[in-house]
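The following pair of complexes shares a single chain, chain A, combined with chain B in the former and chain C in the latter.
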Partner chain A sequence: MTATTDHPHPHRHYEETSADDPRVVLDREIGVFEPVPPYPPRTEREAEFYTLGDGEMLLNMGPQHPSTHGVLRVVLKLDGEKVVDLDPVLGYLHRGVEKLCENADYHQAICYLDPLEYVSSLFCEWPGVMAFEKLLDVDVPRRAEYIRVLSGELNRIASHALFLGWMALDLGGLTPILWSFIERDEIVDMLSALTGQRMLFNYFRIGGVNGDLNHEFMSRLGDWMSRATEQIEAGNTLLNENEIFVRRMRGLGTIDSTTALRMVMTGPNLRATGVPFDVRRAHPYSVYPELDFDIPTRDEGDCLARYLLRMDEIRQSLRIIDQCLHQMPDGPIMAKLPRLLRPRPGRAYAGIEGPRGQYAAYVVSDGTDQPFRMRIHDPSFIHLQAVGVMMPGHLIADTMAVMASLDPIMGGVDK
Partner chain B sequence: MDRAFKARLEARFGDRLTSAVHQRHDETEMRIGAGDVVAVLTALHDEPEFRFEFLADLAGVDTGTVMQVVYHLWSDTTTDWLRVIADGLPRDDPRVPSATFLWKGAEWMEREAYDMFGITFEGNRDLRRIYMPPDYTSFPLRKDFYLADDAARSPGAGVRPMERTQAPSNAPATALVRRGGT
Partner chain C sequence: MTVIARGWNRLTLPGKIIFLAVPLLIALTVGLVATIVLLGPWLLDVLANNLPIVRFVIAATVVLLMTVPTAFLIIYMEMKVIALMNLRIGPDRVGPFGSLLSVVHGLKVLMKEDFTPTGADPLVFTWAPVVVYLASVMSLLVIPFAPGLFGQDFNLGLLYFFAVGGLAVVGLLMAGWSSFNKYSLLGGLRSAAQIISYEIPLTLSVVGLILLAGTMSLNQIVLNQAGWFTDWYVFQQPLGALIFFIAATAEANRTPFDLTEADSEIVAGFATEYSGMRFGFFFFAEYVNVFIISALLVTLFFGGWNAPFDWPWPLELHIDPASLGVGLLLVVAFVPLALTLAFAAPFWLASRRIKGWQALVLGFVLANLFIGALLFAWAYLGLDWVAGIVWFLLKTYVFVFTFVWMRGTLPRVRIDQLMGFAWKWLLPASLLNLFVTAAAIIVVRS
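Then we have the complex of A and B:
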């Protein structure tokens, strides 16, 4: 594919039928996945993006691309092998979760939140449940809060472990993902003993959690905790001490703290630029004020910093789990609530710190048994748009590396 | 609940508030008109006594009578989330200034609000649909968008909330016809 300015349709996609004679072109019908949209540009930015400069071309990446972590199409504007600009096209996974929640009652709405980010389901349920509890003025029992934190931190480790594997996979390394799947599988088995599900846990309830800690969960957890640190460190040396990996990642996709705040980034991606913003400390919720843990930050703001920061977070999560097990109080795991919930009219917002950043929910109640408006805020959605700021100037092959380092999950991006 | 923060907001933005500052749990809520969005957000972001540098969320809301744009902000000067509601946008042509001059990252959230509610954000360079296809013509999260799904025409219609068949009073006539099973 090349673009020439003397062609009768310079902005339309066409294909060379002969490599020897580039003037022989075929003007085809526009298909679904053609890079150039079959209509005039609707916005200033779209017009700018789809107007090609000298020597530039458009290339579709996706929607069925293994490195996009889901169904995402990215239109790349290339100059040779350099990415000039990019335009992510979303919506291939859009299910209308907000609308579904508005048509379900408060209990039913929780199960729609799980599949948003399917590798960290508990964190998708948490803000929704917290917002409902605020609307209903429910006090959650302390044991339930501790169980939430415990299972949440386990889920965070599982999510980060998978990130580390994916990251290496997107750079062409096959071994780390096998290691991280061992890690993830052990945690997922534990959580499945606790919640009854392996992926979409649907464990949090309005006013508590679905089930108490059981013997199988505790014995698996105890067994794993005794060797977790060792096992994780062993897996990490695979990448940390790999010179090819480290040199590839260093200085790639750099973003500074001011830009990161302007792009409203959160979580590890923001902390990798040196801003110590963590909702667990910035706006404490649940029992996090009672727990002792650090907020690791790094100053470089590149892919390597984002990768290393997540490893630091795994260590902090292990500390939190250890404290939860020691401080776990006795008592009920559910608040007493009626079956049918009709909160008074009002509004509630809840934000939590997940493995990717701030997950939040804004719920408006009109006094009926269904949420009047349910807004779900997802960090992957926010971080994906920051790729457009980081990518210009890098090579095509680095698109995957930068995107993987931000760890977006398309289920959450497309809601 | 940060009572002192409420007093600070009232002292600074008293003339711009369209109703009293409301506090509940760990949230403080202020309502302003669409014309004051730029001035209020800039003041909250820039002034050293507020320093709301982090935009936690931006959402559209359709109340059935008016449209709203809801901003959630975080700052280290208060322990509350601040909710700024740009209230009273007309449903037939809701317009509000874009927040992208302060937070570039608001661009996609505004695209989403446009896609779902049809709210126009003036100043957003890229206000096109983000989830729905470009030739789509309605705004799915508006309250007059009738959820015409197949379950609504099943024999169990009306048994569970998802399968309720009553269309909103202002639903298009076609939505009511479909209920008959055609």
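Then we have the complex of A and C:
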């Protein structure tokens, strides 16, 4: 459409398409569409990836593919059914969270951290809040720390329970996802009684938490804890004792501990390779040193190990919740703080152990009431890169299985 | 002219339709009656002289029409059963317990745009669903539903079944190739590889049975299994039945072998680019296939339309209450009670809105209707095919339920595991089955 002066909205016009426009070329020459970027290769890797060998083809998976966990796009290089190489293309969910945080004051920045990961929101708030507290030299009351650990572990179970269902869904099982959603719904209802929201809790505050434990939360928690173990185990037998499921997962997407460490993998994905690294023990924070729990590890480093490890972690989380309830001290839930926070100029880093690995925040303060610079470290981003190492040699069907076993959340990857 | 135009314009749309349709219908009726009166004797003569052809046309029409309610029923059953397994409610809006939802789905696909993607081969693209649908419908022709109730009794019925069933691959390949989509192509190739591989153990698994039965006519195979349920071929051919069950699952693209339309891998496989009624044909064909493999499993291995006990058909009731005594009393007391509970249970389980007593009343009415219909059909009309069709459908839907159950429970296998299973396990096992059966026959008969 051309812009004409007699058009009712002359400022609203579309560019005239030229013959060189890639969209026009695409329409004109049917049969040439390939998921190839519309510019010459910029790096050696790109040139290598987009050069096809004998009998190879490129397959574009996503961002609208039914099982890419959000809006991930993967370009697969296929030889028949076999995946020769793959290239994850990120950025479809980029919202500029870090920049948004830099334009808000310290209290407001917390609510931008929540929607980073819509499955485990509390773990996105936590490192940010902890880094702010370090900048401000705040001592968090012990009761607040216990409540944080309690709600955090609940959120960890919710996240892992959802993972177990997703894993099965990506292998074609329809039922487990709905069974695990029952688990998740119970936890989420409980947390909404505590925090006021079901999904993006926005519960942690600088110096404490937003609200104290209440009756509804405690009664729901007690009701659920009495049958949680049984319920989760019963749901999992559907998959653990399934020959098809186990045979597909065993030996799939294997990664050894050296490679995993070199790729900076953390969390369950690293522990599944046999490295007992857990931020809760390695760099203790909050009240975790006072709590008694194990760090489960497995040596195989394949999808099945990653899957089973998360189930072990659910059991450990239940132990932690039990201890939290028994050791919960009395006292305030917020530190005394001025309304307007102006930390000293400086920098602070805080990392925590989330359900996917190490979540961290790095904040630079210039003495004003807004962070000067804020960086967020998200484990999903790191783990997604490992797909390139794990995948080659497997089949198309395994792409989604491997990806699901790493449990990335695209909101966190694209930030 | 203006008067007519003004009058015409005053009519509403239904009025216009009636105004045009009534004279047309009258003309058609008059024409039809005149044709029958004038040509009737000659037509009857022609029909009587070509009875096999007439029978075939009627059978084909009935079978073609039968697929639609069958597919609707199985789709609804799958939605509801999987929903209950998933601890969901499932369809509950359209019709009682949502039972009309699949009908509404059917109307929806009819009204949707029939889209052909740019770059697709329009001719092949259009005909692929027809080929797939016809391949499944044609298989139904040879299945005996009841004594005397079948489309055609070929003496090579089983062979015909496999030949026509193999035709579906052509349709799937056509769809995959013509869609101009890599996912479709992958789905088409997968289906070709899968169906052709599983055709071999499928066919070999029944060769033992053919040796036992001495015929390939499905009707004769069913007649051979008359008597008590111990006469069913599943007890003589357990391995064959198992292999047939597995291979037939793969043949019908059902979970855990639904690789051709694996939504988490290749979107919708060969049907990715299809929409509207063309997709509807694929969808229908899939569910008709479920019915067909269940029906064939029942026909070959589970006695077809035979009752599981030796029942003299047609039944002639010579009941002397005095001679039966307590036994009759028990039957009279407990059979309706048990049937009432059996009919009430699904209603009670299906919805919380239905109270217990309402379900019981419904169950009581249905149970009595059922008993009445059975007795009426069996004893007074002497229509043994009614009982036959009841047994046949009962057994068939048990297997349909099994397939739905598997869909709700099992994850999908991988393509290499699928092919490995066919060639490394099923093929040797079916050959072993054939060898053992042949040896046993020689030993027994000599």
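In this section, the second predicted complex is superposed on the first by the 381 of 415 C-alpha atoms of A that agree within 3 Å, B and C clash if a C-alpha of one lies under 4 Å from a C-alpha of the other, contacts with A are read in each partner's own complex, and residues count from 1 in each chain.
Basically, a residue touches a chain if its C-beta (ideal position, glycine included) is under 8 Å from a C-beta of that chain, and two chains touch if they have at least 3 such contacts.
In this text the structure is predicted, and so the values were computed from the model without any measurement.
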| item | value |
| --- | --- |
| Which of chain B and chain C A:M199 touches, first, second, both or neither | neither |
| First, second, both or neither for A:H94, with chain B first and chain C second | first |
| Touched partner set for A:G172, first chain B, second chain C, both or neither | second |
| First, second, both or neither for A:H283, with chain B first and chain C second | first |
| Chain C versus chain B, contacts on chain A by residue | B |
| Partner chain(s) touched by A:Y39 [first = chain B, second = chain C, both, neither] | first |
| Contacts of A:M400 with chain B and chain C, given as first, second, both or neither | second |
| Parts of chain A lying in touch with chain C, wherever the complex brings them together | 30-31, 57, 59, 65-67, 81, 168-175, 178-179, 182, 238-239, 242, 244-245, 247-248, 395-400 |
| Touch list for chain B against partner chain A, complex | 24-27, 29, 53-57, 59, 61-62, 70, 72, 74, 76, 79, 81, 83, 102-109, 112, 116, 125-135, 140-141, 147, 161-162, 164 |
| Of chain C, residues touching chain A in the complex | 82, 85-88, 118-119, 180, 182-183, 186, 190, 255-256, 258-259, 262-267, 407-417 |
| Residues of chain A defined as touching chain B within the complex | 37, 39, 42-46, 90-91, 94, 96, 98-99, 102-105, 108, 134, 261-266, 277, 282-283, 346-349, 351, 358, 360, 362, 364, 369-370, 373, 375, 377, 381-382, 384-386, 389, 414-415 |
